[in-house]
Every structure is written in structure tokens, then in C-alpha cells.
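Which chain is which? They are A, B, C and D, in the order written, and residues in each are numbered from 1.
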Amino acid sequence: MKPDVGISVPSKADRKSRMEGTKVNVSGITVGGSEFIVIAGPCAVENKDQLFETARSVKSGGARILRGGAFKPRSSPYSFQGMGEDALKLLSDIRKETGLPVVTEVMDTRQVELIASYADMLQVGSRNMQNYPLLKEVGMSKKPVLLKRGMMATLEEFLLAAEYILNQGNDQIILCERGIRTFETSTRNTLDLSAVPMLKHLTHLPVIVDPSHGTGLRWMVPSLAKAAMAVGADGLIMEVHNNPEAALCDGAQSLSLEEFALLMTDLKKISMAIDREFGNF
Amino acid sequence: MKPDVGISVPSKADRKSRMEGTKVNVSGITVGGSEFIVIAGPCAVENKDQLFETARSVKSGGARILRGGAFKPRSSPYSFQGMGEDALKLLSDIRKETGLPVVTEVMDTRQVELIASYADMLQVGSRNMQNYPLLKEVGMSKKPVLLKRGMMATLEEFLLAAEYILNQGNDQIILCERGIRTFETSTRNTLDLSAVPMLKHLTHLPVIVDPSHGTGLRWMVPSLAKAAMAVGADGLIMEVHNNPEAALCDGAQSLSLEEFALLMTDLKKISMAIDREFGNF
Amino acid sequence: MKPDVGISVPSKADRKSRMEGTKVNVSGITVGGSEFIVIAGPCAVENKDQLFETARSVKSGGARILRGGAFKPRSSPYSFQGMGEDALKLLSDIRKETGLPVVTEVMDTRQVELIASYADMLQVGSRNMQNYPLLKEVGMSKKPVLLKRGMMATLEEFLLAAEYILNQGNDQIILCERGIRTFETSTRNTLDLSAVPMLKHLTHLPVIVDPSHGTGLRWMVPSLAKAAMAVGADGLIMEVHNNPEAALCDGAQSLSLEEFALLMTDLKKISMAIDREFGNF
Amino acid sequence: MKPDVGISVPSKADRKSRMEGTKVNVSGITVGGSEFIVIAGPCAVENKDQLFETARSVKSGGARILRGGAFKPRSSPYSFQGMGEDALKLLSDIRKETGLPVVTEVMDTRQVELIASYADMLQVGSRNMQNYPLLKEVGMSKKPVLLKRGMMATLEEFLLAAEYILNQGNDQIILCERGIRTFETSTRNTLDLSAVPMLKHLTHLPVIVDPSHGTGLRWMVPSLAKAAMAVGADGLIMEVHNNPEAALCDGAQSLSLEEFALLMTDLKKISMAIDREFGNF
């Protein structure tokens, strides 16, 4: 039996309440089951060509869910804030073509209904991990929720944020480690891979990793993606762009289409070493 | 001339755009002027007696603005979440009696209008410092805004959050240092008093300090309050309760009525040593 | 070409000065070459039986170097401080039997000569990463040095510490990531696996990982060990004890002999997936 | 009675063992008594003129103890490492003239005897706070010790480091808060002024503050020095240089002679407001 680690786990998130683990069904794709799931796509939807080319490529590379920002939380009011509903429409169009379910971020309680009408899964970003009205609202929406760890949040707080959603009757939650803020400045954040086995121990919810935000550096993403698989994550979410140098946001951490495809073949080998299903491509 | 400190200050928040500094007018009380302003009151409004007794006492002790939570952001969904609009009504009633303007927290874009109809100043809490839709909404409200630093926000991000509000045409913003998250666990947070002279250097906005959240420990509040005055802050916001032991939230860090009154007389002496106006009580 | 990451790398540690990488020869075992090297053994040497049983077991499990503390840096003066020279003698004896080279920690400039007369590699611990007289002394000793990252040290400072040793003419240095201090408290430290690809990018020195100190929790060590291999480390150092429950130090993070053997077979599979040599056992 | 703060205080450092507090006698100057003590001087002794001019000036400004580095711990092996014993001789000479006791840093166990033969107080720097052999050695030396908090040391670890010295029979220890490492980068460190009341609560040892290292910025030193006095410290240690622009180390954070004198007159006013003795100048 594993020892107590001094974290008070809220009741509905507690693994003890569901030892077999929760499977999250994203329009037919199961996260938290036997298969390791990769979510990929651009930081932000910029235009039809960028999105469609990227989506087709990540699909053929083995991605199972498409990501793409429509409403972007940006530190500066002067940065590109996303295409809004136009982006949602493009995401919806490419889903029809590729069959890939779509996840996109929601930042405002007033947007939940609109975004839920387009997306297959709602993302609550790091900056909103403790935005309680938003957590309640996505909890009521009954859509699966991708909940990212706040860059300043302890695992206990992370689980309490999930509990806000669970407490509305929605248990379709995927937790995402995406790097925490530390004193180290050579990487954008410090990816806390220990969080994966710790969360798997504490809660029944599936756990994925975002090595793109976790490092902020494209060339480091493959190494950390492999480590995330080896450490026991249920999947990955990664930023991929058909032309990273020209990206309107997060270009420095976005994989090119080729880099993504190459990484997926490396991940395939590791998946076999750890006996985890990983698509058939 | 002071040297560059490597922070990129956004244009509207930049001190260079208004060397004389911004004065924030909270229904007749000026923050950022010659007077050192104390904001005090309970963490949360719990009932009429608690609020009224506390408000009368902090007023006679020298407080100039009343604080009191109506909608509370709590880490756990099972903690007391505030009295909501009933609290707003009580705050409005005691304002009539005491003349103290009222500041209370807003967490949801959908609440801004309601809360603005009762309060003299809107507080955006630490957890919402990067809730951009909320920043835009309070920016449009034209009410003064008390913006608290995120517990893991850099000063650059803090200024960018203020810029979101400024960018909506609202320059009535008070910045509040309230402790940051560090490795040290003996205090709830680590109060970063260096942030005060640094912010005063970088921006024209007034800066106050919250030693209650900054320490989490009632007995430490007076020492840090005095330090905040000495370091050059424009004011303080402190939690005061007529019966801290029985408080529904933050009792451990709330001053009793007597402790508050005693602290104010100590602050009076320091205000004279540093040539800062400080009420007449 | 990889982009600049804003770190000023000192000249002798800089990868650009030796693109092919440095191989460290620990009495015949090469770290930084094609083989992934595991260093294992007890936190502290406690007695002959404990050391010998553990050493024989890790050797048969595939470890290539034996660790064991003789002089222990302990936070409290009242904790077990190590067996001193008696431990060095025992380490020397078991080396004769097993053929495993020995690494042990040195804390005091005055001990370097004594410890170097017994050990195959000198360890400079986290707390001494910026103990410059000690760095100079081990630099002059010409023994290989296992330099652990300070729990508070940036990668830039880590490389500067290595530069102190290099500057004495000793290039036989293995860098070890062993967890940094962050706000997260559920693990003893936060293992910073991003440090591995970053260090491999910046310097020619080999890099290993210590998942025992990095997590502080025995049951998490295997997950992080696998992640460390997948992320690209040149090896691991792990605490193993023949009876962890009774260990005089770090029992909570020490693997049992069985856990170690099991982990090694899992690592073997991953080594094949990433095309890295890994013993023959 | 103050509540428990979850820190396990070692027995000899515990305030409960000496409620009245410890007075440290530095060759006639008492730290931890009724008088607020200022220690001032250059980061490093560079030459006779620099040291003597600075020492004379800080003495006339009200400093009671002279600081000056002879052996300097520098992050890079290529930075100025101090004048060594020549600096000790100069410090000794200017002590004769001014009567100011001298504190200087010791980094190596082998230097303790030499430095103790010149200095009135031994400084153990941040990087060596957990250098246990050094702590034991200064504990045996019977000289007063100025122990600086490690830049990432918890208060519990800080007290345990002091316990190493106390455990050798030396209770003449001054604790110094000098800034901790956090995610904030606009200042060199984050000065943790909460540490002062917390340490005064937990231990009987006197506590002083170093606003020079705490901020790294000359223009911020006066604000934080005043705050340190207001928060309840027993004194300050500050870097002062007769020509900061030309300083061989820490020029950016060194006060000029004029700035120091001006600050001392401001501190005088605050000392009266808080009823603390502060020289007669």
C-alpha cells in the first residue's frame, strides 16, 4: 500500500471512490483507457489553410484529438486575442473532414454555451484553474473538460479545482500537467513530471502532459514527450504548426509537421516497451 | 536617474506617461495622494451584527474604506462561498451609517453590473489577476478597481493585467501586493515588500499592501503593516473581525477590533516619522 | 541549429568547446558514452551486512557503480552523521569483491585526500554545489567528480560550479539533476527533467538523474527513473537498501532489493526502444 | 500566546529556552539589545584608500560595525575572488583607527583560524549555510558568528544551521535575512521581511536584515532598510562604497557615502517612532 503523502484529497476526485479509474469519452475517443492519446494542433486558429493543413497532418501522424485556440488568454492586451467564433466554425469544418474531435479553450462564463455548441471538449486554461464561476459553468455543461494545472497551483489545489466540476455532476475531466513556475528561467516553465504518478495515485481522473508549454522550446518537446509517456501519463497535448516561424502565438514551442511525425514514431517504440496501446499508424 | 530593471512596462501603465502619479477617487477618499489610506473589514460578510460592529469599530479606529466579501473565491467547493447579494445590501446599509466607501470582490463577468450597483470599488482577487474577460469588464464599468497581484505573478504580468483595465479607458486602479507563493511554508505567503518601491518606480498607479493574506497570521500583521508604511506604500488593506475565533473565513489572519485600534496608533507614529498624512484620530 | 536560451555558458563547460561530449572514466566504467549507467547503493553505509548484501544485489541487478555515504550532510546536528572512515573501508572491501567502483560524498576540503584514497569518484552534494574551496580541491584531486545540482541552483550556476572544477584541470565531471525546491510540497523536491536535454545542449559533460532525492518517495522512483532514461539522461543514481524500513537515513525513498531488480528489467525494455546500450543482465 | 506555526525548532535555538533573548557582543557592540545596530562597508576590500575612506564615512554616519570581504564566494571562477589576507590586514588597521569591530566572511574550514585572528565576527555566507563542517568549525572558534540565510533555505533549516553552531557551545550568533530566491526576477532576490518577526518568535537569537543583497538595487535599499527597522529587526548590514560605479563587486547594490548618510538620518526618525535606541549622531 502506498503511504499517505499529506494531501487532503476531496471526496469526489479521490481515487478511493473509484479505484478502476475514470474513462473520459471525447466524442468516441477514450482518454484514461488502455490507449495513449495524443492531442495536437496549433496554439491558435489563424486561418483556414493553417488549420486544415495542420489538422490533416497531425491526423495522419496519429493524433486522435485536434486542439486549436479560438479565444486566447494573452498576458498583454495588445497581443493577438484569437479569431473567436470564426475559429470555432473552422474547427467544426475540419472535424467533419478528419473525424478528429476538437478541444478549445473557454475563458468566460458567458462563452461556455457558445463554445460547447461547437467543441467536443472544453479546455480550462492555467490562468483560470481557480476561476470558480467558470469551473461551475463547465461542470454544468456536461461536455468533457480538459483542466490545466495552474502554473502556481499545488496538486491539492488542482484536485480541488477538479472537485468544483465534479460537484456539478460532471466527471468527464482530464487533468493536464503543463509546467509550473519556479526560479529556473532557461525554460518557460518547469515541467513537473512527478505530478503524473502522484495524481494517478491520488485521483481516478486521467492525466496528460503538455510538453509545449512545459518547456516553451520546440527542440525540447520530443524529449519531454517521451519522458511523459515513460512516467505513466495517459496522453499528451502538443502545439503543432504548419509554419512555426510565422505562428501568431507560441511559435517558439510549436513542432513543425515533420517534427511531430518523427516524434510519433519514437513514441510508438516506447509505447511498446511499456505495454501501452498507441494507435495504429 | 534610476537604472532600467529589465521589465517591459506597458504604455498606459508606465510611470513615464504620468510622472505625477494617479490619484484614485473612491467616493471621495483619495488613494495615491498625500494621505496614507487604510481599508479594513471582515474577510466575508457573515451577518448584520458582525459587519456593523466591525465597520463602526474600524471607522473609529481610522479606517477610510470598508472591505467585506459577498462572493468568495474558495479553494474548496465545500467552503463557505459568501452571502451574495444579501451581503451587498448590508454593505450598502452600513455605508450609509458610517460614510465609509465599500470595496468588495467580483469574480464573474456576469456579476460586475450587480456588484457595481452596490459597491464603491470593485476588487479583482489574486486568483483572477489574469482573468482577462473580467479585467475588460471592470475596465468598462468605470468604477475604481482594486487589483490584487496574483500569488505567482511577476510584476511585469501584474502591470499587463492593469493595462487590460487601462486599455478600456479606466485609470482608477489601485495595485495591491498581497504576498507571493514561495518555498517557505511557515507563513501563508511571502509578502514581497520590494514590490512596492519597484511598482512605484515603474507605474503611476497607487500601490497598497495586504499584510493579512501576506502572512496568514494575525500576530504578524502589525509588524508587516508598519513595514509596508515604511517601505512607501500608499495604504493598507487588512482583515478585521469582531470575533476572529468564530470567523467563517480567514479567522487566523484577522485582527480583533482591539488589535486594529492599537496598530493604528503605532502607524500614526511612523507616519509622522516619514512625513505622510494619516487621518486625524 | 538550436536557438540561444539566454544562458551564458562558461568557456570550459561549453559544449561548443567539445562537441563530441566528454566521457568520464570511473575506474573502467564509462559515463557519457553509449551505455546507460546505473549507480546504486544505500544512502549511508550503516554496517557490513547492510552494505555487502545491498552491493551484491545491485550488482547482480545490473548496477555498474556503487554508492554509499560515509560522511553525511544532515540538516540537523542530531541526525546520524555517517560512519566516517570505517564506512570507507567497508566500501573498499566490497569493491574488491564485486568489482564495482565506489562513489561517496566529500563535504570538507580537509577530507578530500582521505576520501580520494578510498573512493573511485568523489561526490559533491547539493548543499555544497557553491562551496568553492571544495570545488577547487576536488578539481585538484584528479578523481572523477559527481556534482549534484544545488536544490536552489539555476542551470547557469550549475555550469559555473562545474567550471570551478574544470578550471583546475579536471574534466572528469558528471552532472546530476536531483530535484529543485519549488512551492509544491507533495514530493520532497521537484525533479526537473527538462534540465537533462538543456544541459546536454549547453555542455559536453554527461548528465545523470537522481530520482530518489528528486521525489523522496520510494513508490515514485521507478516512474521517474524510466522518464529520466526516456528524456535522454546518461544514467541514474538511486538509493537502494536491503531493509528500507530500518534505514538510518532516507528510508522512505530507498528502493528495496526486489524493487530495484524489477525496475532494471523495465529500464532494459525502454533502453531498447530508445536504442541505448544497457548492460547485459 | 502565539499559535504554533508548524516549525520544529531545535532545542538550543528555541526561544523557549531563553525567553529574554540572546545578546551578541561584538567586541563591545551589543546586537540584540535595546540599540538598533548598523553594519556597513564595502562588498570586498579592494585597496587601502577605498576601505579607509568608506570606513571613516560609515563610522561618522552612525555605523557600529564594519563589513568588508577578504575571501569572496563568486559564482564564476573568473570573477574577482578577494584580496585574501592582505584585506584582513587592512581591516585590522582601520579598526585600530576607527574603533569599529570588523566582520568578514569565512568560506573554508581551513581559513577559520586565520580569519578569526583578524576579525571580530565571522560571517558564514548564504551559499555556506548548510556547509556543516564550516558551521562546526566556527562553532568551536568562540568568535561571534553572522549567519546568513541560504537563498533557498526555509526558516526551519536556518534554525537547524544555527543549531550546529550552538551545539559546539557558541551562542554568539546573529541571524541575517538577505533575500530568498523566488520566481520574481526584477529584484536580485525577494527580501522576506516576514522572516524577522517569525524568527524573533521562534528563537532567542538576534535577527538583522541585508537589504543590499535582498534587492540588488542601490535605489531600493533605503526603502527596504526602513521597512526592516519597522518590522522589528535588530539591525542592518549594508554594502557601502566610496565609488559604487567602480566597485569590483556588487556595485549596483552598494550605497554611496552620501546615500548612506542620508538613509541613517531617515532611520533615526523611524527609530524614535518605534522607541528603539539608535546611536547618537
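Here is the rule we use: a residue touches a chain if its C-beta (ideal position, glycine included) is under 8 Å from a C-beta of that chain, and two chains touch if they have at least 3 such contacts.
Nothing here was measured: the structure is a model prediction, and the numbers come from that model.
K.L.:
Starting from the defined contact criterion, work out which chains touch subunit B and subunit D both, please.
P.N.:
In this structure, the chains that contact subunit D and also subunit B are A, C.
K.L.:
Among all the other chains, which ones are in touch with both subunit A and subunit D?
P.N.:
Common contact partners of subunit A and subunit D, which must touch each of the two, are B, C.
K.L.:
Counting C-beta pairs in contact, which chain pair has more, B-C or A-B?
P.N.:
When A-B is set beside B-C, the one with more contacts is A-B.
K.L.:
Taking each chain's centre as the mean of its CA atoms, which one is farthest from the centre of subunit B?
P.N.:
That would be chain C.
K.L.:
Cα centroid separation between subunit A and subunit C, in whole Å?
P.N.:
Each chain's C-alpha centroid was found; their separation is 34 Å.
K.L.:
Averaging only over C-alpha atoms, locate the centres of subunit A and subunit B and give their separation in whole Å.
P.N.:
35
K.L.:
For subunit B versus subunit C, what separation do you get between their C-alpha means, in angstrom?
P.N.:
That pair's centroid distance is 48 Å.
K.L.:
Provide the list of subunit D residues touching at least two other chains, using ranges where the numbers run on.
P.N.:
Within subunit D, the residues that touch at least two other chains are 152, 181-183, 185.
K.L.:
Considering only which chains touch which, label the overall pattern as line, ring, star, complete or other.
P.N.:
complete
K.L.:
If you look only at subunit D, which of its residues touch subunit B in the complex?
P.N.:
2-3, 5-7, 152, 154-156, 180, 182-187, 190-198, 201, 214-215, 217, 219-220, 223-224, 226-232, 252, 266, 269-270, 272-274
K.L.:
Quick check: in the complex, which residue numbers of subunit A touch subunit D?
P.N.:
Touching subunit D from subunit A are residues 181-183, 185.
K.L.:
Quick check: in the complex, which residue numbers of subunit D touch subunit C?
P.N.:
That would be residues 10, 73-78, 107-111, 127-128, 130-133, 150-152, 157, 160, 163-164, 167, 181 of subunit D.
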